[in-house]
């Protein structure tokens, strides 16, 4: 690298900068810098004439690097780098000195401001003096996507992407697609049947030529980076060949093992061999390895004997497949906050106290009670039902600080559904306040109160316990200030939504961040709500935060659109400001390998080697390496060394 | 008070030429003293050049002592100071002190055949001898110049060498053949063997990479040159140039004082520590 | 003017690009005034700040060194700030043990949304540095 | 000029040397060093950790400062040392001889203005070693003497209650003259005591280099001996042996930059050391002394061969510091003996 | 007490059987009673080996030297190299392996327990002997038995022992192939970090006054670094004394080496050097105390490294040299690392 020929361009920003900073002095001081061969000021550097002046100066003075002293790089770094590129030199040789936000706008004294602007500019000049001309790294793209989670979010995203021509691998850890939506009976605000709208989509997914559905599978390991991920997927054995299984149900008839049915949230039982729902996709049975009397050494073998289609194969083993994809959508959904955590409501041990999903199953035509609302303890029709909102939500002291957003709505739905099922029953709803933002939502709640006659009580339930075959509910109506006591037949808790266990697991495997509540963290809460921090990994559905179906579907579509846009390019470009190893200094201690958050470094023949596509240029390696053997291009230790000097001169 | 031997004189760069491109580029610089008073030197002597803020380095004076207006240096870009030198422009001011070291006994060689064998940047230290001899052409008999570089791009003093033709026998070579190169292909020592310069009444002066020097000397001996007829220069790390900083010694002698010019006869008697 | 009032501590502020630098921008956008003592150097991540940068800044005459990054958990590079926290803790302890005023090295978490906080951090730092006077313990004493 | 000084009056003598900055050995954290005299001086030190060579050849010397505004010629400002004359008390005879050797180096071929300015400003008041001050002393075998006065301006001998003070140079005489009546005329008994003590001192057992005279030739013959690597095996290549040696003079020159626009800085000489691995390494990576063996050979041969060949004296005064302080037991006496024995 | 003959036998056997290519150990030096490091390759030399209170050196350093020599010669040895290792030396070897400097099967560790003793400090001994020359020194229980020309002197061990040995928590080399001597892990001669604790009790002003004096005295002989097995870097970031020029080192790299500190041995440069070094040894220094021992001007460098060790232990639950696997201190973190200092 020979000595740089740097041009410095100082912007007045109208009077924004010039009011505090003596721009001419900055120009003069910069011209005293060893590498500076040209310097000027201009009233609006970012304007067309300003930019053209830069181009002209670059050409006239054979500049090979540029410093623009102006506003924050977040505003115009791209502008000026593009401009520099237009002038024929690498955009990465251009540095921004932020003398507006970090100087002119925060200081009034002109001398002081000018002094600081000089330091900031000088520091940028020093950095530019050692910038390498870099070109973005081109990364070839694999035009396939992996979707993790087969709830409505995953299903919608898969369909959208597949329809746009991308190959999709949809990975679901459970035995069927559908997620929580498949458990719902009717959905607010229109009260259409959940399965009715979901099942066709599930079928479409399963038949789509571009979608490979992998149920009962788990993603174990993901390596690579945007454009080129490699996923190791574990296929758990179902011991039933879906191709052969004709869902005759003969096997369950003979299976001697009875276990609680998790799909019915324990409201019913199932056998060791089972199908989650009638509408399950794939339409095939699954043998629960844990529950089965034992595949080894002596198997009971009854189901296999019973299966005429010969679909059962006890020798199935877990299998791992490796899929290469260019992008990943994470749609791993939510779980309900555990009832066991709620002390005041009996830790989930009080009979006939249900959670919302259980109630959905009670209402569902395909559910445990075939759509009859019967209380679990004695299968009688409950006459007094208490619905409690905000259980676990909005309680920073003990539970979740956030609002689960959907509970107001589904409680109203539940009260309505109940009244539809048991018109002479009484529905009490305890609420703190009602959040019914959304199209048709407020009207829905009003209907619940007014038309369906649900009794809304504002207040908290302080305690509930089993009493005389009923559930005693003690609470206060804060509007009247009176204590309320209800002997309920059944209580339905609107438990908070929390990120699913699968979400935590996926975040770990993908090495993507989660927020303080454990939901997947978006790259930017407003501007990049469907992207994770890691390039090429997108978020959809309740895994990112509590939301209802319309919102979930919208976000899934958005994620799909992002992926489609991303993978429509033949190659991706990656910032070239990545780490570089000075081989002669590296001793192969692997400290950088441990420190790198992106797993971008590995050792080869005792020396560190950086995967430039994975490296995000964070510099954690630089600060960790004792020998300065690894540093980020254009943010080298030498550059910082000289910038420190510039700041203190 | 004794004169300050560490205080460089200031000199202005008046001419820069890029000799060889690439990572280990070579540039030729001419400098003229700022305050008139410069030193006189002899063929083979060196000077300490300074780029202030970067440091000093020892460089052979590549111009003939007969040239009084300027001193010429050809510098390879290898490290801190040399790289800084390469960044300088005509008009820039550097520091210079010297001359240091002994010199080629050119006057003793009058009336003899002179054979110069250089490789790479090793042409610079012997260039003043070549140009001095050529300038006093009638004092010497045959003048032969062997010079080789890695590739045609690596040949320094290209046009100057061409100008020597007619006055001297010039045998150029490159290590590896390339289109448009019609002179010798192969290493310098081989070229010497190929052309078989005669040892009769001759002096051979060689300078270049250590490995080249080794084989050139071997070959010269084979051609019948006596140890006293072969001269070369040594290069050891130096800081003061005055025999005090203690690092360039080979045995009892400091190369900066007793060297850098040695006959093979002398060198053979020194411990092998260079 | 007494000497103490005239003394303006020199601060080098290493700001991570994603949060603290953006936070300082927000201070600017909000026109929050704060002392000009701290000259910012933007680094990719607080995790990239080598202890040598800090020592070097002191060696070159900084009266105080400020390091600022994203809040824990918010690091743009996932965990760079965790690594920084550990390293900076160590060097801070070391400086203190040698007898350098611990107030000369300050670390803060400033998010992109905390313009006011950035201004406050600088204000507080300057205020805390003033009574300490010029830093000459690690400053180059080569003349 | 030969005088007697009551031990208690030493401080008075120093006090009257108002034209001089006086230094004497003082101990801090078990390290003896020459320090500016502050309070009572008691010359009961073994030997200082570092020799007094730093008085004339400090570890760091600024040659000149430079300043350059872009596009202009640099301005150089010479920094020749200035200050009051300095006198060091309690310099041991080996270190006195060290000074003689340093003088030779810095006046050889050309004069070193920095060294000489400092040296000319310096006086050494020696103290004879009645007993070896360390178990590694070997001054006798390198031609020195525990009561020798080479390189000193004054030699004092501890007679018990009083010092015998003998001028060696004119400067020494001047120092003594300033003392006036503090210094008394020695009595016969004093002279006899001095004689006895000196005789005893010289007879004290010391470590010995067996054939220092034959060393130059034998070392020369042993240049290629495999013994060097063997003897240097444990050497860690630190700077202790040379930095503590009264005769080692190698140095480095560097530019220390303090500002970039305008460029400001100084050219500085610092001690350097032939035992550091990169001491002779060229930019290309080629190193004429690539191994610990080659570097130990340089140190030993410099002292016992090359220096002798150049100046007719060994560059070792037998102070034994390099032996006592080498962290891994490299022992110059042992090395010289071993190599010379092997050379036959 | 360890019978030195057993160590000699072990070394001899290993060499005779061709199980190792060399044994790094101690032998009697030529200057008085002190031991010195030696590398032997011939079984005959085994009888030169010694083991006593002057076996200060952390021989792991010579494993590093061996590695460097092999790399330079581009050789891959077929046999391991054996080394005599005290508790601290063994921990150093563990750190080197943790940093992949060599593999476990490339070294054969002959562990020697310091049992109730350790190594002595020359100047402490000199103070107590008042000028008499020690001819030999062995620990015997709580005492050091010193022979001088005038006869035997018994000194309280705690007064001559190195601080590092007094405070040692692990005088037994846990990582070893064979070990001699009793495992007295947990012996308490002085509480760990006693010297540090004493120092930290001083006021900030006094602490600075202390270090200022120390750093002004440093002559930058770099013995502290040279002797440290963890300072194995080919080029130290804070200095140009070592200088790795590999075939692929570019002119650029040579020209642009950062001068974090200048060569001048002045306070500011010395302090920057020492602070950097302390940071670099955080989580790596295993408290062999060699840097402190070799310092010719007695700078108590151990305090700096001890401070880092203490913090690593107390704040991060990190013990240097405890395990070969596992991440390095500064390359890792825990969610509950202290952060109260952050504003």
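The letters A, B, C, D and E name the chains in turn, as written, and every chain counts its residues from 1.
The rule is short, and it goes like this: a contact is a pair of C-beta atoms (placed from the backbone, for glycine too) under 8 Å apart; a residue touches a chain by one contact, two chains touch by 3 or more.
The shown structure was predicted, so the numbers you read here are calculated from the model rather than taken from an experiment.
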item	value
Intersection of contact partners for subunit A and subunit C	D, E
Of C-E and A-B, whichever chain pair has more C-beta contact pairs	C-E
Furthest chain, CA centroid comparison against subunit A	D
Label of the chain whose CA centroid is most distant from the centroid of subunit C	B
Rounded Å distance between subunit D and subunit E, as computed from the means of their C-alpha atoms	31
Rounded Å distance between subunit A and subunit D, as computed from the means of their C-alpha atoms	72
Gap in Å, rounded to a whole number, between the CA centres of subunit D and subunit B	39
CA centroid of subunit A to CA centroid of subunit E, Å	50
Multi-chain contact residues (two or more partners), subunit E	237, 245-246, 249, 252, 254, 256, 260, 262, 264, 266, 330-332
Multi-chain contact sites of subunit A, meaning residues that touch two or more partners	595, 624, 628, 637, 641, 645
Sites on subunit B at which at least two other chains make contact	78-79, 82
Complete list of chain pairs which touch one another	A-B, A-C, A-D, A-E, B-D, B-E, C-D, C-E, D-E
For the subunit C and subunit D complex, residues of the former touching the latter	140, 142-143
In the complex with subunit A, residue positions of subunit C that touch it	10, 12, 21-22, 24-29, 31-34, 36, 39-45, 47-53, 56-57, 60-62, 73, 75-80, 83-84, 87, 119
Residue numbers on subunit D that touch subunit A, as the complex places them	69-70, 259-263
Of all residues in subunit D, those that touch subunit B in their complex	63-64, 66, 68, 72-74, 76, 78, 80, 105-106, 108-114, 116-117, 223, 249-255, 257, 260, 263, 265, 267, 269, 272, 274, 279-284, 286, 288-289, 294, 298, 301-302, 305-307, 309-310
Residue numbers on subunit A that touch subunit E, as the complex places them	1, 130, 582-585, 587-595, 603, 606, 624, 626-628, 637-638, 641
